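Handing you this structure, nothing more for now.
Per-chain residue numbering starts at 1, and chain names A, B and C are given in the order in which the chains are listed.
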Amino acid sequence: MGLEGRSLVSVWDLTCGEIRGLLEQAGEFAAAGGGGLGAGRILATLFYEPSTRTRLSFESAMLRLGGQTLGFAEAASSSVAKGESIADTVRMVGAYSDIVVQRHPWEGAAKVAADAASVPVVNAGDGGHEHPTQTLTDLFALQRRHGRLGGLTVGLCGDLKYGRTVHSLAPVLARFGSRCVCIAPPELAMPERFMAEVEELSGQRPQETADLAAALPELDCLYMTRIQKERFPDKSAYERLKGSYVVDRALLDRAPEHLSILHPLPRVDEIAPEVDADPRAAYFEQAAGGVFVRMALIAALLGLVDWPDASEEREPAQIAREQRRRRPQADVGACDNLKCVTHHEPGLAPDYLIVSDDPPLLVCEYCEWEKRPLPLSLESEG
Amino acid sequence: MGLEGRSLVSVWDLTCGEIRGLLEQAGEFAAAGGGGLGAGRILATLFYEPSTRTRLSFESAMLRLGGQTLGFAEAASSSVAKGESIADTVRMVGAYSDIVVQRHPWEGAAKVAADAASVPVVNAGDGGHEHPTQTLTDLFALQRRHGRLGGLTVGLCGDLKYGRTVHSLAPVLARFGSRCVCIAPPELAMPERFMAEVEELSGQRPQETADLAAALPELDCLYMTRIQKERFPDKSAYERLKGSYVVDRALLDRAPEHLSILHPLPRVDEIAPEVDADPRAAYFEQAAGGVFVRMALIAALLGLVDWPDASEEREPAQIAREQRRRRPQADVGACDNLKCVTHHEPGLAPDYLIVSDDPPLLVCEYCEWEKRPLPLSLESEG
Amino acid sequence: MGLEGRSLVSVWDLTCGEIRGLLEQAGEFAAAGGGGLGAGRILATLFYEPSTRTRLSFESAMLRLGGQTLGFAEAASSSVAKGESIADTVRMVGAYSDIVVQRHPWEGAAKVAADAASVPVVNAGDGGHEHPTQTLTDLFALQRRHGRLGGLTVGLCGDLKYGRTVHSLAPVLARFGSRCVCIAPPELAMPERFMAEVEELSGQRPQETADLAAALPELDCLYMTRIQKERFPDKSAYERLKGSYVVDRALLDRAPEHLSILHPLPRVDEIAPEVDADPRAAYFEQAAGGVFVRMALIAALLGLVDWPDASEEREPAQIAREQRRRRPQADVGACDNLKCVTHHEPGLAPDYLIVSDDPPLLVCEYCEWEKRPLPLSLESEG
């Protein structure tokens, strides 16, 4: 198993075999504890924006492995105020610890840290871009509830436009042979890039609907997401939409018996408290499972466990994805995404990747925003 | 000893026998250390408002037991900014830890957490309501200084109106057979509810005086409190009163030799630094004792220690208190206390309890504020 | 070795023999790890202003020794908001821990804490005054790169007026028999007090120049410092000067092969990223070495290690320095430094020390600012 010493920026960094290995190890930790595997190791948590849930679950994971933690919970308590770069900070912290977990508001910040660090870096969220341990946690919950990761129909519901969890989950479900149904109002629809990615992976474009109740009967899992106010430029649209997709007692009455209801949490109004006691509510056990998943990941990246049967070979889907990604010959200028790390980290040039020729599609190597409109030179190149 | 798995919201949750058992255990930890009892256990500190002293003493206690800690030191670094409820947060953190310590600005927040959590919750202060480990720390200091908890005369001095420490201390002193003298200006007098409670418990209404020097000769212990600026709506009243009750060299000259001087700290001006070297000054050893008390409490709630001789039977005073508390038949509306958790936590209905029929007295089940004026329906019910 | 139980406020607290002993121990920890020496001990980090690098390196050091940590990362999360004094806070925290590390914005705050605490206190920076573990880290890097601390020529470059690291480093280099070259624009020149101190220690006044490139060929080490915007009253002067002293590829081409480049970090623009890969760049290994230095210091102050050959005798330079320092007979009033702790800590009288008679020179005992103009009474006394 080749995870030792590697970083985790995106779920795409892992093969399906590696993911299965991690989830199996997580199950063993859930059953038997951490066994002091991490004794003498230090995990650093660099949270440039606060996230109690994610930070505490990583810290709990490391402590339950017998290791130790240090770090900061928000940028104001850090050297960032003095203008230190992400790269310099992670180089320094890599000397103080054995593995680094970073959350950062700039999209692409995890790649910058992973490129600079001398120890493994885990992306605990870089803006709206990626949050791979959330995805592994989601998969662990599915595996535990349904006994498998393939052949499931998963309804992704709520904010599919801004919600990074569903952007990661939809493609990985396709890789495992499950399909998703996108349940959202048109304003919050799943972006085309992910629709196309799922279609390519599974040969099937995800079904889209705005009607949660109608979609419900065919689902194995309903994955709810919060409509996040802070992602909305237009607050009145938020107010109008936030109540549209709510799971309550009435909705449950029309749901299959074997349904599992997941949510990355925190929820606000989208799942009524009355649902918590229903056996189909799986979001608290999902959150609890996040500790075991992170124990498994930390143990794997530190080389504390070994799974002889986890396939290290890149999957065809990964290989195809990487082969599509090549640098354009023309200079295509700065990234359009103002939250992209290339606008903030000193000494960092924006890099672009061609991810599709037909239609031509160019994304920033760091934040993966699409370049729009495409530069004319590329139109001809593609 | 039935403390394993329980939460501590109020000192009233503990019998006198349980309190004696905790203090005895604290004494043993002070003498012999924690012995690694807590190895492999995690304590979570959820501090929605900062309190260095309380947080660090809990963390020190857990570390000295051989356990580990995680948590947050202020709400700004937490998910609270995203609107997560207290109940959801503590459910989540209960999956990351074995015991939760919570401080919260909303009154009644500790009960909400204890009701929702799957692990023991310790109230480390919920607004002006309760702070039971401070009270245990006060009792430990009395026990260590005077060798007993009964038969003492304790002067409670300073801000008796807003000071939650004295609201908890006065009744528990009565339960142990000690009496208190309330030393405060009329503006800061002990609220009637606590005066009546002590009178009922001890058969004697506490003596009240505004004259510290005159009360001094009869005291075994002088318990000073800070006149807290942040609790005063009228800042000019604060300025006028803050200098009224100050312990200095001159006052000490008139104090008994065996007096102990306690203070929950931090002090500002109410005890002059020149007093620190006097053998009667006991506030620093009191603070230091807080670590051993919290070690004992954590060990008891986690079931790491057992005291066969600690009485688990509810005391007559506890039983009488509980029996008095019953729900009114009429709906009495929202709680008048704007800092009550019922105004903030989603899905929480204010509950009221009748705690006295003559005179009729109704308190919020969460924050224990009195309902005033009483609803007419209740006047007739009582 | 008499370091057990002592505090470290200034590098002047240590003999050269003690420093050599610490660095040797640091080297052993770097080679062989901490060996669980600190098991069961607690280090408290009291950071009244944020400093990720320093705080995390102390925490990492304690964890790598097998100990534990607690504390706060900024004043807003602490009791300071309630007006508690430094002395009371450190007394309290000394009951919760075995050793205290304090960073504070007020100059002289470390002495106040060390005077009040019952456990060793390490100064992790008190305003612009002292930061002795940074100096030990600098010396460790020199020792590791050059194999010796004496006979070196060290260029101190950048902000020599406000940079506390160079104020500490220059005199200790003189004590070890190395010389420094001061490279700075006139506006940021090394203050006279340190020039005079080095001259007295070494018999030689440091060379001063504004021309980095010209000074480069004769240097063994180039110690770069950041021109810190926050120390500048005049922001336009900052903008004009900040680009003057930059190490880049072009400058490196003119530098000796055996040069080491140090920097206390964080850097902003004063060392170009292209320099990082050059073998002369030693600043990241310098930062990494800080963990081992702090391990050695913690172990020494806690009495966990013993070096029979480290000289405990005060050096002639230390003795001469102490003998010069005597209290003036006249009252010389308040300290002129508004950031001096004597203006903030309650009950603290400013103390002055005569440190030179010819010319007469008077410094505050806490922050060591010079009194200017001297009171007339002292002119006659001196």
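Everything below uses one rule, namely that contacts are C-beta pairs under 8 Å (C-beta built on N, C-alpha and C of every residue); 3 or more make two chains touch, one makes a residue touch a chain.
Model, not experiment: these values are computed from the prediction.
Superposing the C-alpha atoms of subunit B onto subunit C requires a rotation of 120 degrees, rounded to the nearest 5.
Homomeric contact subunit A/subunit B is classed as different-residue, with under half of its interface positions used by both copies.
Separating the CA-averaged centres of subunit A and subunit B is a span of 43 Å.
Shared interface positions of subunit B, i.e. residues touching 2 or more other chains, are given as 73. Looking at the complex, you find that subunit B touches subunit C at residues 47, 50-53, 56-57, 59-60, 63-64, 69, 73-74, 265-268, 273, 284, 287-288, 291. Across the complex, subunit A is touched by residues 42, 44, 68, 70-73, 76-84, 87-89, 91-93, 95-97, 346-347 of subunit B.
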